[in-house]
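Shared between the two complexes below is chain A, which pairs with chain B and chain C, respectively.
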Partner chain A sequence: MADKKFALEIEDLYVEYVSDETVVRAVNGVSFKLEKGKTVGLVGETGAGKTTTALAAMRLLPDRVGKMAGGSIRLMGDDILALSEKQMNMVRGELISMIFQDPMTALNPIMTVGKQIEESLKLHNSAGRSHEELKKRVDEVLELVGIPASRRDEYPMQFSGGMKQRVVIAIALACSPDILIADEPTTALDVTIQAQVLELIKQMQQDMGMSMLMITHDLGIVVRNCDEVGIMYAGQLVEYGTVEQIFSPGAHHPYTEGLFGSIPKLRSGQKRLVPIEGLMPDPTDLPQGCKFSPRCPHCSERCRQQEPPEIERDGHRLKCFLFSEEGTASDQ
Partner chain B sequence: MTNQHPETIKFKKVSQSRDILRRFLKNRPAIGGMIILCLLLILFIGGCILIPEQRCYDVSGTPFQGPSAEHWFGTDHIGRDVFARVVHGSKISMTIGIGSTVISVALGSLIGAVCGYFGGRVDNIIMRFFDIIMCIPGMLLIIALVAALGIGVGNLLIAMIVSMVPGTVRFVRSTVLNLTDMEYIQCAKTYGTGNFTIIVRHVLPNALGPIIILMASNVAAAIMSAASFSFLGFGVQPPTPEWGAMVAESRQYMRQAPHLTIFPGLAIVIAAMSINLIGDGLRDALDPRLKD
Partner chain C sequence: MLQYIIKRTLMIFPILLGVIIIVFTIINVVPGDPGRRILGVSAEQEAVDQLNHELGVDRPFFVRLFDYIKNIVTRFDFGISYQSMNPVVETLQLNFKYTFKLALLMTIGYVAIGIPLGVLSAVKQYSWIDNLTRVTSVTLSAFPSFWFYMMAIIFFSLQLGLFPSGGVDSWLNYVLPIGCASILNSSSLQRMTRTTMLETIRQDYVRTARAKGCAKVSVVWKHAFLNAALPIINSVGVGFAGMLGGTVICESVFNMPGLGTVIIKAINAKDVPLVMGCTVLLSTIFCLMVLLIDIISSLVDPRVKAKLAG
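So, the complex of A and B:
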């Protein structure tokens, strides 16, 4: 029963996208555990492997192209790799569900929103509820996300972006899953709506006792919504810890520091932001040694040769040579 | 419960279908085609009900009569009433035209959707098979199939379906390929929808617009080719009335009695043209890129 403490456990996950000639190493050894009722945030640049990690957790990597090259994923203590596709379909929606980035395209344009919510309920109707009961549940779910039930029979095109995202959330939550993956749920929305939607997700999470994996590149969202954070770079978790550990000054991975350096601060009066120089490495041709070494201001010869080990202190994990020997980092 | 939401505003509901209808109605050639087809259908259906089928085979009239009040389209070389034969001939021509299209599009859509959705090896094998069929010229394929199966309306229908399916598969597959990348397909997967359900509930309905367009243009072509094969003697056999067969029968008397070929020929042309016009109008109305 010890492992029942965690809703989602990902261990040493490797994912590759294989095309005719090239192998894209999208995820390279990611491990983290999502405690029940808690929220883990994954932060990183576009192409860092955040979404791929999430898709792997749902076993929805693109057919034929994407494949798990190693590692294990356990949902509520069960290894999902051992499940058949049919069992997996039962798990999806009931145990784990996902919200997508763009609500404009995440809804079927020619089906009423009520029908789309009902579909998910119908698929997981093990209780054998009648059509009327399902309809009632659809209304309930719609009201829950703040959409009047009278709009059940309208089409997605009749909704605004924020409302569509509410519908998407309603679909994901219809069967009260244990784990919710939110893949940049607010990126396509404007700021005022972002706040509403985030508030809604947070409230739903508390009401239903869900665990959540939040994917974003907005550090502001992370600090307000997450319990633990993983900073991803080139398919690796370069730093992982609680929000306090990541957001308080102290020992940090140079990439995390770079990320914080590239967001404006209200009080520091700085004139210019400090971006991270360079670009993400080509995932078909990752550098030897530390993946961040070509862009790292503290890069040494050793970084280019060897892959840095992961150092853990009180659950705060770092993947950098800077912290391997000394107790504290050479802060700048 | 609705009262909890004071911000509920009654939106003006502009439904997509109404928008499409409006665009279709603005298209004059399409409306023209629609009117012609309706008149034609009223004429044929009314004629089939009012004129007994026996009249098609009644040889009591004088041969080679011109159009008159008694015989609207005149009489043919053995004195049969041409109008009755054109009217009753519509049944077979239309049935083959519409039947072959509907069946081939239904089959082709299903196969095409499966190919486009799953991709990979299954797709490769099926598509190469249809590529091979498509290499054989359509006319030759149908002639060969009818020759192998035996001459007759049923076999002509089968042969036409076989020759029409590959094109439909290709067309639907390419449409579906675009659709499978849509996020709502992915979204449906995240709540545990099975592949088959996704194809039937999400993929095919979204491909319906292009499929309707394909169907409209195929019907006209199928009516023409049904007439062509009957003309060549592969489909309907005399004395059964059918437009193509009628033209074939009367072509040797073309100089003396041109009306024998003109009337069934006109029936073919008008039916095919009106359906084509409607098809064009549908394409313009359903294709959002051509939006005004």
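So, the complex of A and C:
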């Protein structure tokens, strides 16, 4: 039995998408622990394996194509691989919930929003609440996310994008889950709505005491919402640490440096942004050594041959040869 | 919505008027007169003229057209069949009963086979069961229906003696035609269901439902299938209306009475009142069916309702 301190523990997770011809290695050895009541952020480019990691934690990888090739996932101390599909249905929505990226498509267009929230409550109705009580709870949840209860019987098409995302949040939070996965919850929304929705999620988290896994590619969201951050690249966590460790100057993975280099800074006299050269490697044909080596400005011969080990200091983990020998950062 | 239904119901009348005028014109432009048809080539010209006069077909075209419409509107009289000299309404009533029963049972049959197979095929895409149903479906579509019916008769009636080979005496007579037609028609429905299901089953809202804790089976039917149902409802509805006039092959192979046979015979005999009667009946059914499809669709999908009502 694992430590009860953690809501979600992912250890050495490997996920593959298998088709007839190819094997896409989407997640390659990801490990992290989400402490109860805390927020962990996963940052990385599209295709880095962030969403796949989250789906694996929900055991919702696409049927037959996606499969966990290794590692373990524990929710509130329990190994989810040991659960039957039926037990897993009870876990989803009640213990762990997910908010999806695109609210435009995440809601069933032919069901009223009230019905969609109620469905979740009905599925996890171990208390045996009556129909009227469930209805009341639906209204409560709607009000909670800032939607008037009178709109219960409306369809998703009658809501704006931001309001739809509120409905998605309401569905996820209806049964007060212990863990919430927010998969780029604001990417599809316009900027003014983004702040509102994030504020709402944060507030809900505090009110309900939830633990949260926040997936994003926006470092600004991370610094405002997360306690710990994992930087993902090609299915690996190349760097992991507290927000302070990641955001303060010091020893960083070249990819993290690259990410920060591509954000405009208002005060420095910088003229142009520094992009990371090249593209993410093809996940069906990952490079042999360090996955970042083809794009890394500090790449050496060894990087191309060997997988760099993970070095840890005060919980700050790095996967790079630059820091492996000295045990400290060379450019600190 | 009620307003829409009333509007659409009223729209049926101008459509029917148009159909009557067009078909009446076409059928009257074709050469040959009913008197000659009925009495035969060897009959005296006087007798033919006499009969034509009695039937009223020697009057000018527009007079006849106007008269025809007037009789329908005022007395619900569709005239008298030239072949049997019975009122058209009677013939239609008698045959429609059989055809309606046949078409309804066939529709229920092919929906009951086609939809579950299509859904299963989509859910288990590329599995052996999907491959099997797809191959079977294409093979079935390649069979001519009359051949299929005859093979069924040879095997189940002549060899095994399980079912009668024709007639409408008992429910046993219906087993073979309905069984065969259901299997044959299910193949296209199964393929369509599979295609639309494959689209909806990958939608984000299906994943949302799974993330809520919905079991797979309920997600498939409640979320994916209902969203895929619109084209299926359309196709089944139109297919049913089509069957009412198009079961002629089945009727003739199994020697059953029905509208299809009546229509073919009437056209061959240039039995104008009967052809017209069938046309008006089938057009009315078709219009009502399309209306029914719209109503059902709007019950399933609020977006359709919004579009129709707006």
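A few remarks follow.
Here, the second predicted complex is superposed on the first by the 326 of 332 C-alpha atoms of A that agree within 3 Å, B and C clash if a C-alpha of one lies under 4 Å from a C-alpha of the other, contacts with A are read in each partner's own complex, and residues count from 1 in each chain.
Keep in mind that, in the parts below, a contact is a pair of C-beta atoms (placed from the backbone, for glycine too) under 8 Å apart; a residue touches a chain by one contact, two chains touch by 3 or more.
In this text the structure is predicted, and so the values were computed from the model without any measurement.
On the superposed chain A, the two partners chain B and chain C do not both fit; they clash. By the touch criterion stated above, A:P148 is placed in contact with chain B alone, chain C being left untouched.
Applying the stated contact rule after C-alpha superposition, one finds that A:D190 touches neither chain B nor chain C. Contacts of A:D139 after superposition on the shared chain: chain B is touched, whereas chain C is not.
Within the superposed three-chain model, A:P109 lies in touch with chain B and with chain C [touch as defined at top].
By the touch criterion defined above, A:D12 lies against neither chain B nor chain C after alignment on the C-alpha atoms of chain A. Note on chain A: of its two partners chain C and chain B, the one contacting more of its residues is B. Clashing C-alpha atoms between chain C and chain B appear in just one of the listed stretches 43-51, 61-69 or 187-195, and that stretch is 187-195. For the contact definition in use here, the residues of chain A common to its chain B contact set and its chain C contact set are 58, 60, 86, 89-94, 97-98, 100, 102, 105-111, 119-120, 123-124, 155, 157, 168, 171-172. Interface of chain C with chain A (complex): residues 203-205, 207-216, 223, 226-227, 300-303, 306. Taken in their complex, chain A has these residues touching chain C: 58, 60, 85-86, 89-94, 97-98, 100, 102, 105-111, 119-120, 123-124, 155, 157, 168, 171-172. Taken in their complex, chain B has these residues touching chain A: 1-2, 4-5, 8, 11, 13, 15-16, 118-120, 182-184, 186-194, 197, 201-202, 205-206, 208. Those residues of chain A that touch chain B in the shared complex are 58, 60, 63-64, 86, 88-94, 97-98, 100, 102, 105-111, 119-120, 123-124, 139, 143, 146, 148-150, 154-155, 157-158, 168, 171-172, 174-175.
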